[in-house]
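Attaching a single structure in structure tokens format; questions to follow.
We call the chains A, B and C, going by the order they appear; numbering starts again at 1 in every chain.
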Amino acid sequence: MGRKLLTEHINVPGIDTFEVYRKHGGYRSVEKALKTMTPDEVVEEVKKSGLRGRGGAGFPTGMKWSFLAKPEGVPRHLVCNADESEPGTFKDRHLMSKLPHLLIEGMITSSYALGANTSYIYIRGELLYVLRILEKAIAEAYANGFLGKNILGSGYDLDLHVHPGGGAYICGEETALLESLEGKRGNPRNKPPFPAVQGLYARPTVVNNVESIAAVVPIVNDGGEEYAKLGVGKSTGTKLISACGHLNKPGIYEIELGVPVEEFIYSDEYCGGIWKGRDLKAVVAGGSSVPILPKELILKTAAGENRLMTYESLSDGGFVTGTMLGSGGFIAMDETTCIVRNTWSFSRFYHHESCGQCSPCREGTGWLEKVLHRLEHGHGHMHDIDLLVSVAKQIEGNTICPLGEAAAWPVAAAVRHFRHEFEWHVTNPAEATRPGAYYSSKAAVAV
Amino acid sequence: MESTTAPVKPQFSPAAQAEIARLFTHYPAERRKSALLPLLHIAQAEFGGWVSPEVQDLVAETIGILPIEVYEVSSFYTMFNLKPVGKHVLEICRTGPCMLRGSDELTAQLERITGAKVGGTSPDGLFTLKEVECLAACGTAPIVQVREKYYEQLDTPEAVDAMLNELRNLVHRPLLPWEETGLAHSQQ
Amino acid sequence: MAKITFDGIEIEVPDGTTILNAARQIGGNIVPPAMCYYTPIKGTGGKCRACLVKVAAGSAKDPRPMPKLVPSCITTVQDGMVVENTVNQQVMDVRKGIVEMLLINHPLDCPVCDQAGECDLQNFAFEHGVATTRYEEERRTFEKIDIGPYIQLHMTRCILCYRCVYTADQLTERRVHGVLGRGDAAEIGTYIDNIIDQDFSGNVIDVCPVGALTDKTFRFKQRVWFTKPVNAHRNCENPKCSGNVVLWYKGKDVLRVTARKDEYGEVKEWICNTCRFEKKETSDWTIEGPSHIQRTSVISANHYELPVMNPQVIADLPESSVRDLENNPPLKLGR
């Protein structure tokens, strides 16, 4: 059993209340930081921890913090990105609804480190019920002197507010999130300027994922070096993995980075294997945007090494034979899964969620979806398969924000690893469109 | 766009006005437009589960921005219903992870039971079916969101019936977001 | 000042200049196309991706190349920057892809489009596109709508450059149109039936790069290449209106009035709706002389410009027109 830094007390009754949370060691990091550390010392600990952004990009959090511009007399902001909506990812919802005070504690400690006096949690609009939980917890924190003026007599002031979105995946992109927080359409901004220089209300701003901010709590409590002892190499600490799809035990697992993928899928401590006694076909390891890998490449790297749940091991082999840890949205597919249908579903998602601002993404995501829809419904041509790869390439790298890549990668990877299945859809349209039919490398099977 | 609201200008209830006043304190005075999304949520809950042009104009006036600034935003975010809806809007997740666990079958089942087609409302006016993208509850797929509640693991006829029965017996007024709904929000 | 190298040509420009505007100072065929950027309107640019270029060296201080292609319209120069446009195959390939993306849902109804002959998309596709399409799906269509007495919105042709929205924001007091919806279902609209009728709203027609916003008083009257543009001015009652316009003649009739554009299609002096829509008699105007025509324009085939301007005529012209003449000297035909 690996160490749990975030979710150790998650099942304690009443842990969502201030009193119980405090009894289990809650808010110690605020006391330690505000009473014994300078803001820069907190930043230093986070740097030492090696913590990497848990939202998906994996950018070192401490480094992100050190980029924050600090012009004289201009307020700075910390904004928590709680707009969790990458398909396969549901860890932040779990963490916030069960442990609201952990996020609030992390927000206070992190805001202190960054010198922010007004901070926001931007939560996706669908999670209004979690917003209520957070607002209740925030009220408790105010009542107990952990928020507001002169926190714990330190002279440090902080106001913390929760802000709901309205249903738009794109607002998980940090500049779209800031636009949305300003009451506008969620159109990502061109960068530069980066939020660290001109973010919310054109002020210097740091945007961090829920899990990243929560991780600041154990980092400050135990020290960055202690945190960095967990994990493997540059993948330090623990990570919440949200596992779903055809697993016996889907759910949220806090793992120490470095667990072998095979163990994660099959051991009873984690997902307990593939449901209905079936064989594993493929895995999307880090949320729908990362490349899909067939069973043999997700369990072992191309060189035959055991694949581990770390940033480095999952991306071993680049996009030719590897993938990414991403947001930790782990989607397992059994042998009966139709890859074409699944890819179409992902494409439909990105088409639906494109903001429409820049032309490659606005037009390209729709094009990909339509071609995949045709293939899946038995109206595809052989040349459509290369067309998909070509359109994906025309989107990738040429858009304002990473949604372009997120839309392109899954399509390119599905064709890369499952081309025969796409071809089968073209050559056997009647078979491929029969309800429940699926392709297996042994023979086409219908259930 | 047609409107079914009465010609009288809509007004926020005193409770909503108090909530709006509280929300305005969250943002700098010159940045009140920030409160637009929270206000649209309140408006939708207050005025029958959708935001008519008149209601959107009220939101614009309350914040002090142009009506087009509200229309641009309300039409961008998928949670805001721009046309009248039934008493309960069932938002069915259709994205990959839910599809792997049977969301297509769930949608077909809901269409059959309620008599509504996706995008439409049942003849009795009780249920509007709406397909949505990932709701971040993939581990308990397939799922449906109704206002602030998530109904999860709807992979058996019994679970679907339980949800529909609970909704049929609910007070037939969308509850205001800050009121206690009396329901556990999520089964998780 | 910053010295940059653009397609092998060195140029020195003030700090803060964008790569695109630096290239425009060089001029000629190396200038990247721009479908959404519009210098006089704040906030435009970065959306269409037509002007993407390769920054082969970021600056003298940090000569590393930028990892992705950058939009030249909103990326500012750094001293020592090396930029590649027409000399870079990746840039050319990506641009071809952008043309394809912009055209897959465009109706290609140029034969019946008023913008034909002065359409940025038409020119862009001609220069960078391919003759065939790989798009087999149904194209997106919208109903035509009249937004007020003077302007028609043909959304099907729109490329969502956002120029008209920013223009209305910055020129009129109460914007009533905007971008509604999202993704490829996004559209320019007023949401509820609303008319765009404010003093300067007609300028949205001039900034539209395609035939999405057209002048109803000119609609289907004439192909632009059969009209003759003539510079003219009047003392407009509206203090914000420059009164400097182009009258588009067919025979003795003024068919339409527009603001004056530079060689990149940008309006520098806005005009009011009265000048644009209601002053269609020659007697309303003081005629300055034929407008300068780009050699590449469909209109240049008519070769009607005066070979040399009479110096006395120039002396009588308002200062702004003299400036215009100096910047865009008439073609000296026959020399």
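Keep in mind that, in the parts below, contacts are C-beta pairs under 8 Å (C-beta built on N, C-alpha and C of every residue); 3 or more make two chains touch, one makes a residue touch a chain.
This structure is a prediction, so every number in the text was calculated from the model and none was measured.
Greatest Cα centroid separation from subunit A: this falls to C.
With centres computed from CA atoms alone, A is the chain lying nearest the middle of all the protein shown.
For the pair subunit A and subunit C, the distance between C-alpha centroids works out to 41 Å. Rounded to a whole number, the gap between the C-alpha centres of subunit B and subunit C is 42 angstrom. Chain centres here are Cα averages; for subunit A and subunit B they lie 25 Å apart. Of all residues in subunit B, those touching 2 or more other chains are 69, 72, 76, listed in ascending order.
Multi-chain contact residues, meaning those touching two or more other chains, occur in subunit A at positions 168, 185, 352-353, 355. The multi-chain contact residues of subunit C, meaning those touching 2 or more other chains, are 179, 181-182.
Those residues of subunit C whose C-beta lies close enough to touch subunit A in the complex are 45-50, 52, 68-69, 71, 74, 94, 97-98, 100-102, 104-105, 134-135, 137, 159-160, 162, 179, 181-186. In the complex of the two chains, the subunit A residues touching subunit C come out as 168, 185, 190, 351-360, 362-367, 370-371, 374, 387, 390, 394, 397-400. Of all the residues in subunit C, the ones that touch subunit B in their complex are 174-182, 190-192. The touching residues of subunit B, when paired with subunit C in their complex, are 1, 53, 66-69, 71-72, 75-76. Interface residues of subunit B, counted against subunit A in their complex, comprise 26, 28, 31, 33-38, 40-41, 63, 65, 69, 72-74, 76-80, 91, 94-97, 99-101, 132-141, 145, 147-150, 177-178, 185-186, 188.
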